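Each chain carries a letter (A, B, C and D) given by its place in the written order, and its residues are counted from 1.
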Amino acid sequence: MPAYRFVHDVMLRDCEPSGIVYLPRYFDMVHVVIENWLDEALDWPMGQVQGRDGLCLPFVDIKAEFPAPSRLGDRLTWDLTVRDIGRSSMQLRIMATTGADSRVSVAGTLVLSEAIALRTRRWPEQVVERVKDYMISPGSLAETALQ
Amino acid sequence: MPAYRFVHDVMLRDCEPSGIVYLPRYFDMVHVVIENWLDEALDWPMGQVQGRDGLCLPFVDIKAEFPAPSRLGDRLTWDLTVRDIGRSSMQLRIMATTGADSRVSVAGTLVLSEAIALRTRRWPEQVVERVKDYMISPGSLAETALQ
Amino acid sequence: MPAYRFVHDVMLRDCEPSGIVYLPRYFDMVHVVIENWLDEALDWPMGQVQGRDGLCLPFVDIKAEFPAPSRLGDRLTWDLTVRDIGRSSMQLRIMATTGADSRVSVAGTLVLSEAIALRTRRWPEQVVERVKDYMISPGSLAETALQ
Amino acid sequence: MPAYRFVHDVMLRDCEPSGIVYLPRYFDMVHVVIENWLDEALDWPMGQVQGRDGLCLPFVDIKAEFPAPSRLGDRLTWDLTVRDIGRSSMQLRIMATTGADSRVSVAGTLVLSEAIALRTRRWPEQVVERVKDYMISPGSLAETALQ
């Protein structure tokens, strides 16, 4: 399965006093994975998306499961794949594991929008081409818990 | 519908450069709503949950929809209700509106756990009693988009 | 001493796994104090500063001392006073206490700037008038540790 | 000058709606620099400091200057040096530049403490040895603005 991979060690700022990762921090990591993917894999850094291009990429929905908690120092390996890309929307799957242990499973929909009006916009052609490298066929996810 | 209400004005820290709220910040607000509810409505502040009681309250799943973006200065009215409470789990519904405009709709499951081992624990009896004030019958949600 | 007061209970997101407040969170609280002061005391909410007025208010310097750590559930009482206001700069003192216990002492300089060019701008006259209510004479700080 | 270097590209989460970095995020980056330095250069990851060793490393004071703002996509090069190490305290200098442009200059004091009682503790001998590689003589800073 073609996936963009990003490794993050859990740091102080990620954890709450009980020692486990504070839920909103997982979504922050998800955003970091996406921004790095845009930059490194799609050659479309967020600074260009929001700057020169005057666009933004908000989520319209997201869901996540947390099979097991993570703790300070855990090495999280994040894998991003694309489940589908429409005219202006994109369905992502982003998962974090530590060794063989699943920690986070996220599915969400991004929508390309004009930054001012937030009207949807068609994906740039070259972005669609590059996204295809990270795309999996929708049917292949049938075995996973979160769809 | 009995709901715990919390009002939050969108601040600088909540927004990204495009001017709209940065997704992970919504989940941070969700946590603030929950912690204030625990403290003010259930008389069970997180400092006691994690301190004297040695427990923690992680989410095991969460899903959210974002029908429209929020911007700096928007007044978000958050409403929390309980859909179901089990032996050690609790299903919450948390929604944010600005006037008649729906901004965020969250459904998630908290699980009461021992802070060290993260084994599930039965809810304290007096907490269950107070939670009932915020509970809605599961069937009454049929009309909402996110269940 | 005329001070703007803001009360904040330390929450999960504020703390690191050791149980004490994570340093950058103190600066986030400082920003919340300032934004609430702008809104409630100066009638100049940040949404207007950055929106209609096209301005921003960055710090050019800041220093802080942390005489004692804070923990989950601690009630921090923040007091903001103005030490000096120039043509486009303002020197703030912001302190947090829990009971008689000093936790944070901050001194910093804000500079009013145009949001695009970040050139300095003169304070609006009515803002200067309202700021005077929170101003202390510079000499009166001689007894404090952080100046 | 021996320095530990860490590169960070400014991301969405770092910026406020005006487009510049939100001040508290700089302190978060400072913490990331320190935690990576502990791990990579001192072989003393925070997970061990707070876990097996039962210690923590809070700041007791910090000061910062921000000569120019940073924006989404800016590549910040952070350099950490040690100005002095005492029995249980350490004075750090941490600076961020973008090209020849100075963005942040931080000086702060960390104190090694027991995580529970927060009493000061003597630095482990092997840590002191490794810190020496990043140490500059205190007098050599005379030319810099922030000391």
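Here is the rule we use: a residue touches a chain if its C-beta (ideal position, glycine included) is under 8 Å from a C-beta of that chain, and two chains touch if they have at least 3 such contacts.
Keep in mind the model is a prediction, meaning the values are calculated, not measured.
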- Note on the structure: Contact tally winner between C-D and A-C is C-D
- Most remote chain relative to chain D, going by C-alpha centroids? B
- Query: Rounded to the nearest whole Å, what is the centre-to-centre distance of chain A and chain C, using the mean of the C-alpha atoms as each centre?
  - Reply: 35
- Task: Would you kindly tell me how far, in whole Å, the mean C-alpha position of chain D lies from that of chain A?
- Result: 29
- Item | Distance from the mean Cα position of chain D to that of chain C, given in whole angstrom | 23
- Item | Sequence positions of chain B contacting 2 or more other chains | 12-13, 16-19, 22, 24, 28, 31, 50, 71-72
- Which residues of chain D touch chain A in their complex? 9-13, 28, 31-32, 35, 39, 45-48, 50-51, 71-74
- Mind listing the chain B positions that touch chain A in their complex? 16-20, 22-25, 27-28, 30-31, 50, 56, 58-67, 69, 115, 118
- Item | Residue ranges of chain D touching chain B (in the complex, touch as defined) | 12-13, 15-19, 22, 24, 71-72
